[in-house]
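In the part that follows, the structures are each spelled out as structure tokens.
One chain, chain A, links the two complexes that follow: it is found with chain B in the first and with chain C in the second.
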Partner chain A sequence: MSDSIIGAAVSRIDGPDKLTGRARYAGDFQPEGMVYAYGVYSTIARGRITGIDTTLAMRSPGVIDIFHHGRFPRLHRSPGTFAEENVVDEKRTPFEDDRIHYMGQFVALVVAETYEQARAAAYKVRVDYERDAQRAAATLAQGIEDNGVEHANDSERGDPAGAYDGAAYRVDAVYTTPVETHNPMETHATVAEWVDGRLRVFDSTQGVIFTRNTLSRVFDLDPSQVEVHADFIGSGFGGKLWVWPHCVATCAAAREVGRPVQFVLPRQQMFTTVGHRPETRQHVRLGADDDGRLLSIRHETINSSSPVGTVVEACGGSTQGLYACDNLRISHATAITNRGTPTAMRAPGAGVGLFALESAMDELAAELGIDPLELRRRNFTAHDQGADKPYSSNHLLECYDRAAEAFGWSRRTPEVGSMRDGDRILGWGMAACNWEAMRNPCDARVALRADGTASIHCASQDIGTGTYTILAQIASHELGLPLESIHVTLGDSTFPHGPISGGSWATATLLPAVAEASRAAIKKLKNYARNAASPLAGARGDSLVYDSGRLSDDSGRSATVAEILGAQSLANAVGEAHTGGAPDSGYSFDSFGVHFVEVAWEPEIAHLEVTRVVSAIDAGAIINAKSARNQVEGAVVMGLGSALLETTEYDERNARPVNSNYAEYLVPVNADMPDLDVILLDHPDYELNEFGARGIGEIGLTGMQAAVANAVYHATGRRVRDLPIMLDKLIDDD
Partner chain B sequence: MRTFDYKRADDAHSAVNAHSGQAAAYLAGGTTLIDLVKLDVMQPERLVDINRLAYDAIETTAEGGLRIGAMVRNTALADDDRVRRDYTVLSEALLQGASRQLRNRATTAGNVMQRVRCSYFRDGVSPCNKRVPGSGCSAIEGHNREVFAVLGTSDHCIAAHPSDMCVAMAAIGATVHVTGPSGDRTVDFLDFHKLPGDTPHIEHELGEDELITQVSLDAPIDGSGSTYIKLRDRSSYQFALASCAAVVALDGDRITAARLALGGVGTKPWRAADAEAALVGQPATREAFKQAAATAMQGATPYKHNAFKIPLARKAIVRALTDAAARARGDTT
Partner chain C sequence: MDSNNAPTDVAISLRVNGTLRKLDVPPNVVLLDALRERIGLTGTKKGCDHGQCGACTVLINGQAVNSCLALAVVHDGDDITTVEGLARDGELSPLQQAFLDHDAYQCGYCTPGQLTSATELLNNDSVGSSDADVAEAMSGNICRCGAYKNIRAAIQQARGNPGLNQS
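Showing the complex of A and B:
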């Protein structure tokens, strides 16, 4: 078992709990005496509150209290740094003053005995506003026009302008991507209770430690006085990495009313006050020689940001090192719009950055008249020029070969509209994927228990990706115990310090810590085994051999964990570990991949369908073939949504999101699913960690929009540079 | 959602009585009403639950049509053998609407009565002549791509009627049966929904406290073929950007009867009578269908984000007529 469990297609161990409803999400916790909070949200995007009248609402049945800027305790801001693990994107605390910065900002919070009573009363709170004389910037274009562009960062190597001017082939294009809203199934939820000055929070969060640290700063508490729980999360996609105003407001309200308070964010407010992927405008210029070798790359991005916090979308991150090119310029800048802050959304940076770069590469291939795959092969690099280090493990060429073979790319005819399936025109496109592989420090505790089972504790969390399961696999491997005997407990900030579930680094971060803690537990067991009461009493320390829950010495004696611990009335043998971040070994760590996409365009009814996707992913060792495939498939589907459907639309006159619901904010449905083939290369990257795993949550999203856009171009001849590719951008007026 | 009073009615008479004298709303499947009450867009003081009313049958009429009870669920109607055989267009329209979960709840009368998806109507805040008469229309100069009309619009409202079922019924020809304080009456289906004009808050012909009891369908046209084509951004769970219900009967290759109705583009289920008239007597050719499509969309008014709906609707019409004609010929597509 121990040899085969790593990499096996293991079903998620929390599946039965989720299926039967035993799994408890933040909103499922109901501490004794709990009451409910409902928000009142601003209906203007820029201005100030001139009056709040709660008279009618306070008379509404069940109302306990109503909080707003004129009635709220003074709180503190979080420093909001990654190093201190207390990041917030919206720096302001709720109800800080009378200023309105975006539509849907919290302006009041009603607390009542029931959810329905709180909501009914919230509708009766009357808020008067005075709009600023200057308009609210509703879009990136308006933000640039009204507020200008603020430089964030840039980097340059060689002479990109000069090399471009001298290049035989050039592409100069601007690509735009819209605001996308995370919209996990489970909206944000917080349950807060105060017991003897200590704060206990059940929160739908991707980081129990970060949330604890942030709340401890906001409420001026020692971190040990704050407990954050997140047993299960109905996904987050980055939207639940940091603390948002509702969480702070709920905790404060619970303290004020002296009872536990539950808050669940309504779906409409998922579009306003809990982050989004910002709008981007990306200017890409490529220059190449006659053979298609890149002489110059410039990738310059402006993204929409917010008056309440600046967030930079690092679109050019992957552009630094994906291709060999000596002359390069990357820059990032922001412009303030009257929206809540953007935040990380699955594959921030590369997620939309590669749409621009990989679309431009397709345009360059068309200019050159060479196959787009061949163009990428010619520009392959095993050396990350951005960091000036070799990649630890880069199998992008193998991704190209295997996916192209599976897709049948060699049968592609390059002329636009040249491939048909009956009345439908087929388009074949491809694009590369790239994501930085990261690893962070981590603690973990593993206990071998007297009942023959083992437990794992870590203050990380499983946001639905399969973290519970792969940790059980690793412990099963290290301890030689069956999977069913491993109990994984996460999502509690009082456990050993663990990472946020973000950046695709949970796997690379957690596995070494759990493995080392498992080995420490075995070592501890060996110490106990030599005690007088043990069946192995007196064994020489280095003579003890552990195998599958049993210790043996060199004299032929052998005893199980249960026998060793039971004989001494011990509950367990506990191992603790602290493992470090990515090793400073002179390598650059990245994951790679490629998507091949077939679209079918039926001009007679203006219908575009993605019919086939073949993706090959090089993400190091695959720990769980099932959940890894599931992650890539999910990312591909999300990428399809980003390519074709997703866009949060704002009314340009007042910055109100107008499609803030699940019916009109479109994401793919089951009926949109293409034939999906995911090839996982499974080449371990032992430079990053002992298991060779690099994480797989985000890589599959990157490049997807470009692969679709390139296929659409091949089918229709329309080069769509502005996402999403909705049918109005393709329809002919026939 | 605000506090409301709830009455469950056992028959139409008691339902009408419970409704009268109150700011009341009839509760059937609740798939529109409950949403809007939660959003505080509708604020009924009383809900009269009509789910126990015995209007749950689909009966054959003396004229050879079908009489559909108000409470017949969308799923049941779509799956009914007579509907599938004689009114294929209706079954197909229903099955392309909403999701199965919603269709299992949604009723025939409720579908007729569903409210628009206009975001300015639903946000409870923006000026909207439907919600607050005289407050203005935010959509005309606002974001108006997806659920906004190009036919039958006015300076006061451009919201598209969202139903698929009603488009099929408009093509088939139907009668709405109503009961109320002054007894029973019928309304021609095409007259039931009203154009917005300068009173977009008046959406239908129902009088005070009146209740729909049945919808009866005209007898099917002998030898006709029919279909419903719905075009949208994703394959399911989206309102039509443009849709077309078509019924075609042929003599040889000559069109003897045609019925055409449009969805997603009209402020009400949109019967394209001029286009129908032009088709009759013509050969069932692509040219004739394209001409009919042009005729149907002749008076269309594009707005900032939805001009594409005009060519899109023409495509839906040509495809629907093509497929309906093929079925009339007996082609098994």
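Showing the complex of A and C:
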């Protein structure tokens, strides 16, 4: 059991809860006496509030109170740093003043006895505005024009400009990506209650510790006076990493009205006040020699940011080290638009950065007349030139080989439109994936219990990636107990300090801590076993051997955990651990992969369909073959949405997001699923942690849009450099 | 009419997962909020409140309906099945078991809606047997985590069509 449980295709231990409705998400908690809050949101994007009239709304049935900038407690801003674990992207607190910075900003919050009453009253709040004389910048282009470009950072090696000028083959292209909205199925929700000056919050958060720390700063409390719970999260994709205004407003309202308050963000406001992937404009220049070897790479990005917080989309992060190239320049800059602040969205940086780089590589291959896969093979590097360190484990070439074989890439004919399936034109494209692997410090507590089971506690979360299950697998492995005997409890900020569920680092961070705590629990059990009341009393410490819930000594005696603890009336033997961040071992830690995509194009009826995807992923050791595969499959689906469907569109006249609902912001549905084959390499990366896992949540998204765009080019001859690839970009203007 | 008058509550009864529930609801309460906030069955989820995502799907007299678009008062006397009513005597239904086996979810938030829609599909002879038929029939239930392949496979297993047109 213990040898095979790691890597096994184990069903989720939290599955039955999710399948029966027992799993409780933030909005499912209903403390005694709970009342409901509903927001009022700005209908202009730039200006000030000149008046708020709540007379009619206050007379509405069931209303308890209405909060706005003229009636709200004074709060404090969070310092908003990663080091202090209190990041916020929108720096101001809600209702701080009368300024309006974006459409959909909170201008009032109504609290009433029922949800329907709060909503009805919110519609009756009258807000008057005065627009600024200067227009609200609705798009990145308008933001650049109105507010200019603010440099964020850059890095350079060699002489990229000189090398480019001397290169035999060049690509010089600008790629753009639109605002994408995370849109997890669960909209953001907060249930807040105050008991004796202590704040207790059920929140849809990817980080109970970060949320606790932020709220403790906002309300000037000791962190021990704030409790944040997130048993289940209806996913987040980065949108729920940090605290947003609704959470602060709900906590404050609960304190003011003296009752627990529930707030659930309407889907429409998912597009305004809880972050998004920013719009990007990426200028890529590549230079190569006759053999296709890269002589120069320049990747310069400007992304849309906001007046209420600057977020830099690090599109060039992967560009630094994915390919061998001595001359390189990366830069990032922002321009202010009148939108709520952007935030991390699944694979921030590389998620759209590789659309540009991997599209440019395809353009370069076409220039050179070299197969796109061969071009990438020729530029492979096992050494991360960005950090000037070798990669700890880089099996990108094997990804290429195995996925190309499964896809049948060798049968590709290079000419545009040259491949057919009946009347349909087929296009075959590919692109590489890359994501940095990270690991952070972590605490965990594991208890061997008198009933023969074990428990794990950690202030981390399972946002749907399978964290509950892999932690049970690790403990099962270490303790030699069956999976069903391991109870994992997460999502509570009072537990030992755990990581956010983000950056694909939860797995690499949590596994060593849980393993170490498991071993500490065994050590503690051995201590107890030598006590007088124990069946193994008097055993020499180093003679005790633990195996599958049983200790034996060298005199032939043996006893179970239950017998040892039970004889002493002890509840458990507790092990605690603190494990560190990524080791400073002289390596760069990255995951790699490749997507091969087939599209079918029917020009007569302007129908484009992704018919086939083969992806090979090198993400270190696979801990759970079932949930890991699901992560990559889901990332491919999101990548397809990003490639073909997703764009938050803003009215250029007033900066209003106009398609702020699931009917008009299109995401893939079941019928959009192509034939999908995911190959997981499963090569452990022991430099990063003892289990060799690097995390797998984000890698599968990267490169996906480029693989589709490159397939579209192969089918149609149209190089679409502006996502998403909608039909208007594939058909003639006339 | 004075818009500030409280709407008059209406007495209705719903048979929810076999249990008769009598409640007084204002006429503007949708079935979703009645189930969650007034009856306390929070398994049914709110995803969009606009009938666009399918997370709130329940069975009304056996038919899959977006409960966010159904006024509670209209369903007086109706038979409602929610995700809490799919298991029998603590045993997962074959469909639920298939979802577990195939990992047909990630975060689980759309799962109640996927399960109730698929429960109706199992009894719907007009949906063909191919994977594409299932995919089409299930396209009113968005899964942002993208577990569509596994959802399809789970439903096909529960329909007794394993391996049919499997990708």
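By definition in this document, the second predicted complex is superposed on the first by the 731 of 734 C-alpha atoms of A that agree within 3 Å, B and C clash if a C-alpha of one lies under 4 Å from a C-alpha of the other, contacts with A are read in each partner's own complex, and residues count from 1 in each chain.
Throughout what follows, contacts are C-beta pairs under 8 Å (C-beta built on N, C-alpha and C of every residue); 3 or more make two chains touch, one makes a residue touch a chain.
The structure presented is a predicted model; accordingly, all values stated were derived computationally and were not measured.
Of the two partner chains placed by superposition, only chain C is touched by A:Leu56; chain B is not. Of the two partner chains placed around the shared chain by superposition, chain C is the only one that A:Gly21 touches, whereas chain B remains out of contact. Judged by the touch definition given at the top, the superposed model places A:Ala606 against chain B, while chain C stays out of reach. Once the two complexes are overlaid on the shared chain, A:Ser11 sits against chain C while remaining clear of chain B. In the overlay built on the shared chain, the residue A:Glu649 is in contact with chain B alone; chain C does not reach it. When both complexes are overlaid on chain A, the residue A:Phe232 reaches chain C alone and has no touch with chain B.
By the touch criterion defined above, A:Asp196 lies against neither chain B nor chain C after alignment on the C-alpha atoms of chain A.
Of the two partner chains placed by superposition, only chain C is touched by A:Met185; chain B is not. Which of chain B and chain C touches more residues of chain A is settled by the count: it is C.
Look at A:Asp542: by the touch rule set out above, it reaches neither chain B nor chain C.
Shared interface residues of chain A (contacting chain B in one complex, chain C in the other): 61, 116, 120, 661, 663, 668-672. By the touch criterion given at the top, residues 43, 61, 116, 119-120, 123, 604-607, 609, 644-645, 649-653, 656, 658-661, 663-664, 666, 668-672, 726-728, 731-734 of chain A touch chain B in their complex. Residues 3-6, 26, 28-29, 33, 36-37, 40-50, 52-53, 55, 82-84, 86-87, 92, 96, 99-101, 103, 105-112, 115, 132, 134-136, 138-152, 167 of chain C are the ones touching chain A in the complex.
Residue ranges on chain B touching chain A, taken from their complex, read 1-3, 38, 40, 117, 119-120, 122-123, 125-126, 138, 141-143, 145-147, 229, 231, 233-239, 241, 308, 311-312, 314-316, 318-319. Here chain A touches chain C in the complex through residues 11-12, 14-25, 27-28, 30, 36, 56, 59-62, 114-116, 120, 124, 183-187, 232-235, 237, 264, 266-267, 463-466, 626-627, 629-631, 633-638, 661-663, 667-673, 675-677, going by the rule given at the top.
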